[in-house]
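In the two complexes that follow, chain A is the common piece, with chain B as its partner first and chain C second.
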Partner chain A sequence: MDVAWTMHTGFGSWNPALWLAALLIALVVALAIRALGRKDYRKNSAQTKPFISGNEEPAHGGGHIPASNLYWGFLESMKAYYERLVPLHTGMLGDYLVWFLGVLAAVLVIGLVI
Partner chain B sequence: MTISSIAQHLPALLIAVPLLTAFLTPLIGGVNRTLRMLWVALGISATSAIGLALAWKVFTTGTVLYVFGAAAVGQVLPMDSGGIPIRIIFEVDAFSALMIVIASISAFAITMYSLVSESECSGQDGFYALLFLLVVGIMGMVATGDLFNFFVFLEISSLAGAALVAYRVDKGVAVEAGLKYALLSTLGALCVLIAIGLLFAQYNALNLATLASRLQFTTLDKIALALLIVPLAMKCGAVPMHFWTPDTYATAPSSITALLVVSSQASLYGLFRVLFSLYGHLVQFNYATFGWFVIILGVLSMFVGVTMAIPQKDVKRLMAYHAVSQTGYMLLGVGVGLAVLGNRSALNAYGLTAMAGGIFHIINHAMYKGLLFLTAGAIFYRTGTRNLNKLGGLGHTMPWTMVFFMIGALAIAGIPPFNGFASKLMIYESVFRFSPFLSIVAMVVSILTLASFVKVFHSIFMGPRREEFAAAREVPAAMIFGMALLAVVVMLFGLFPQTFIDGMITPAVTALVDRGAYISAILGGH
Partner chain C sequence: MNIGNLIMVVVGTGAMALFGIVAGLFYMGIDRVLVARMQARIGPPLRQPFIDMAKLMTKQNIVPANAIPWLFNAAPLVALASSISIMLYIPLGSFAPIFRGYGDLILIVYLLVIPALAMVVGGLASGSPYATIGAQREMVTMISYELPLATTIIAFAWKYAQLGLDNPFSLATVAATPIWSQVGPLGFVGCLLLLVTMILVTPGELGKIPFDTPEAETELAGGLLVEYSGRNLALFYLSLGVKAIVLTAVVVALFFPYNLSSYLAMSALPARLVDGAFFLVKIFVIMFFSVSLIRIAMARFRITQVVDVYWKYLGALSLVGLILVMVDSFIR
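Our next item is the complex of A and B:
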């Protein structure tokens, strides 16, 4: 492959052209598998409707899951972490100044000690 | 003025052209609205062309020096100056040139985008004047070789940035964010000024190279070091001094937010310049301690930034936390290089690659984060909201914005073959040699970044059309052009990474590490 495409990291190499070629091959294989599917599929029939355990499909607009509902499990499992982290972000300018001056003081002390 | 004359004065024009554009914009705007748009487009085109031409000159011929007010632009040391470069000198080496490339591309794309995105808003004369002043500040910070001059440009960028953040008022919310940014920036700049005073009092010089050649690492030098690096770390949004970032980035107009990212990176440039070119290679300088200081800031920024991003409901606030997180990668990569700066074998084995990864990530981040903020601006332009809980289904009506968002999101998450992957791969592999744990943290942060942007993509673009956004349609062509330009750069850097590494990144790393060359360019081998 052309050297312009290959990146050398010092520990190995990375070639985006090979990656794109692999993606292309995967796409061709996927399309080939799709072409092997059943030919008696009928559009605009009951075959196209989603099966939600026998329930009616919700009206359009009500079917979108809002952002707050995503990653609920992740946030719940990290609750102890977030309960400590989020309150630090008070939005108060005074707190921002305290953090800045605190880090400055710490670096001054470290810098003078070493 | 001939071409060769222009080429000779590129560093001065880099500041003069946007400065002139800034101050004439209100006058021209008073004549005619269309004329103002043309003037702004012309001004930013000229500024970017000058920036790219200067960078090209540096990458092809080496460091460019420019002495203001001297009989000849290269007359660094006047006969009667006692060996001190007394005038303001721009010293544009490969690292500076890389930053100028970032600022030139970003500023051009952002300004073209702004011509439409801000077209319905009032006060455009002031808006563009401040935008060009922000560009002046950024360009000056990364081009100057004078520490006091750096402070002046830092102040220009901070004040122009704060004014732009507060420009749209937004029921006081934007004004509050602008005030926070202004106050913290002013306090930081005051610290920088005190540090400059401490150095000037001891060494009778303001020129960076002269100071670097004379530093003794006295107690006052140590205090000056702390007073320089902490404010600059705060300005680039490093945790735990990042709190201003989400407030400011979320409320500023999106095009300005994208430019504030570049402004923050100019502070990052200043941080690295101080650590490497000013203090690096001093016998008494403890590389490991300060390297680990930068690394710890980086790891904290990566992890806190991404974990704070995940629960956000405001798309720009979410992206702001990701900006903090991505800055962490740059700090990690360059921090590892600093930590092993005194160990030649470790530096050659993995330190330089880590630095290259970190510095490559600066330009990559500027491109994809700029792109992402512009897509957020496009969404707000059409829907009037940044709330992810209210958005949805826009993929039906805003396909171009969706494609650009996908490119930016995949790049920031480090998905191949986009540019974020190339720089992150360099960081992962080299940092692994230094500390496998840090490398694993970096990879976990990338996974969380992808998860976060999957949420944003789903919330904004997926799902059925929503009635409240029935009138939403694709944004105008100029806004698409701004986003497309950055998207193309993101893809080019991802598809041909080695070309850019060889041409820009490796020379930038060499310039940063080679303190002797930085000094001798001014003092001629002293």
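Our next item is the complex of A and C:
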């Protein structure tokens, strides 16, 4: 098979057009399987209410969940790391420049040694 | 792309879809029987996952009132279609990948993210508190297992780039040049550590115990799948079955690419059949050690423990594996 638009990196390769074509065909297969199933349900009935173990559903707009909650498990597990890292982000340009120069110097030293 | 290529893509994708779905459901059945036997139960028949699928197709396909309908319905389709598309980049037995030369190991790592992201999107689109928590946990689990998975893939990519082979990142190249014959004692130990890492990344990718925190039936009543029913739920189950085959096939291609036909004097067709059967056995063995045995022996981790296991312990283990493979290459 010889297909245009293949990107070669010298180590590997990938062809986005070919993947998209395969994805579209796979989507058709998935749609065909889906079409075998039952389509109906009772709209606007109790079965369309969210399952919350019998609890009352909170009023819409009554609560606000910040996006950072998405990563709660990660932030909690890495708390020790973030407790040190967050205070370093002072918001002052001078501090960031010092960090940038420090890391650049370290990379240069490591690069020269290796 | 000419007509011949198009026919090749259509037939190849259809064949991979059929193989992935049938083999995925079959291995789900084997897993359930084995787990039942280890718990001293008789368990369901092997065909139970097929019966479950048929039953789900007869159930109502409820779309919750709070859901975003088009996203809610699209997520299972994308999950299944993207899982099937990855099959085209993986060698199966002595059959080279259908898309050989058009995708490499690094691409597979990226494509593996799509089914998991589709589940996250589906969960968030459900408009359910349980599903939202499940989606949040799926995101965190995904971030967690990416580190050891990426480190393992980097180790392989680095090693094969060092060997000076053509297309070193190609899975077909990796399968044709088994890693064990390319490393010394230190590299051998490093590869063993990478194998352990991949074995433990697999249940996380598949959301199996002890890494099933996003679903957590007893806690979140199914988590990100809680609002799914009928044909939409069936598609998610099918995508998990296909993904199980994808992941185990990747482990086989990376670590156990050997074929029986190379040791037996056989003509072309019987050799293909024997290699195909041997490939299915290898998948079964990997599935047994990475899914069945682990899920029977352990309880569910909390989400913070999932991060600990993947980022701290397996991250360190895979890094040691990578370093050993590199040191081995330098001193050889």
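Methods note: the second predicted complex is superposed on the first by the 81 of 114 C-alpha atoms of A that agree within 3 Å, B and C clash if a C-alpha of one lies under 4 Å from a C-alpha of the other, contacts with A are read in each partner's own complex, and residues count from 1 in each chain.
The definition used in the following text is that contacts are C-beta pairs under 8 Å (C-beta built on N, C-alpha and C of every residue); 3 or more make two chains touch, one makes a residue touch a chain.
Since this is a predicted model, take the numbers as computed values, not measurements.
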### Message
With both complexes overlaid on chain A, does A:44 touch chain B (first), chain C (second), both or neither?
### Response
second
### Message
Applying the document's definition of touch, where does A:53 land relative to chain B and chain C: first, second, both, or neither?
### Response
second
### Message
Per the contact definition in the header, classify A:74: touching chain B only (first), chain C only (second), both, or neither.
### Response
both
### Task
For A:31, select first, second, both or neither according to whether it touches chain B, chain C, the two together, or no partner.
second
### Message
Once chain A of both complexes is superposed, is A:91 in touch with chain B (first), chain C (second), both, or neither?
### Response
first
### Message
Is A:14 touching anything from chain B or chain C once the two structures are fitted on A? First, second, both or neither.
### Response
both
### Task
Pick one for A:114: touches chain B only (first), chain C only (second), both, or neither.
first
### Query
Which residues of chain A are in contact with chain B in one complex and with chain C in the other?
3-4, 6, 9, 11-12, 14, 17, 19, 65, 70-71, 74, 78
### In the complex, chain A residues that touch chain B
3-12, 14, 16-17, 19-20, 60-61, 63-68, 70-71, 74-75, 78, 81-82, 85-86, 88-91, 93, 95-97, 99-100, 103-104, 107-108, 110-112, 114
## Note on the structure
Listed in rising order, the residues of chain B that touch chain A in the complex are 179-180, 183-184, 187-188, 191, 219, 222-223, 225-227, 229-231, 233-234, 240-241, 243-244, 246-247, 286, 289, 293, 304, 307-308, 310-311, 313, 350, 353, 388-390, 392-393, 416-417, 421-422, 425-426, 429-430, 433, 451, 455-456, 458-459, 462-467, 494-499, 501
### Query
Okay, in this complex, where on chain C does chain A touch?
1, 5-6, 8-10, 12-14, 17, 56-66, 76-78, 80-82, 84-85, 88, 99, 101-107, 111, 126-130, 132, 135-137, 139-140, 143-144, 157, 161, 167-170, 213, 221, 226-227, 230-232, 234-235, 238, 303-308, 311
### Summary
As the complex stands, chain A meets chain C at residues 1-4, 6, 9, 11-15, 17-19, 21-23, 25-27, 29-31, 33-34, 36-42, 44, 47-53, 58, 65, 69-74, 76-78
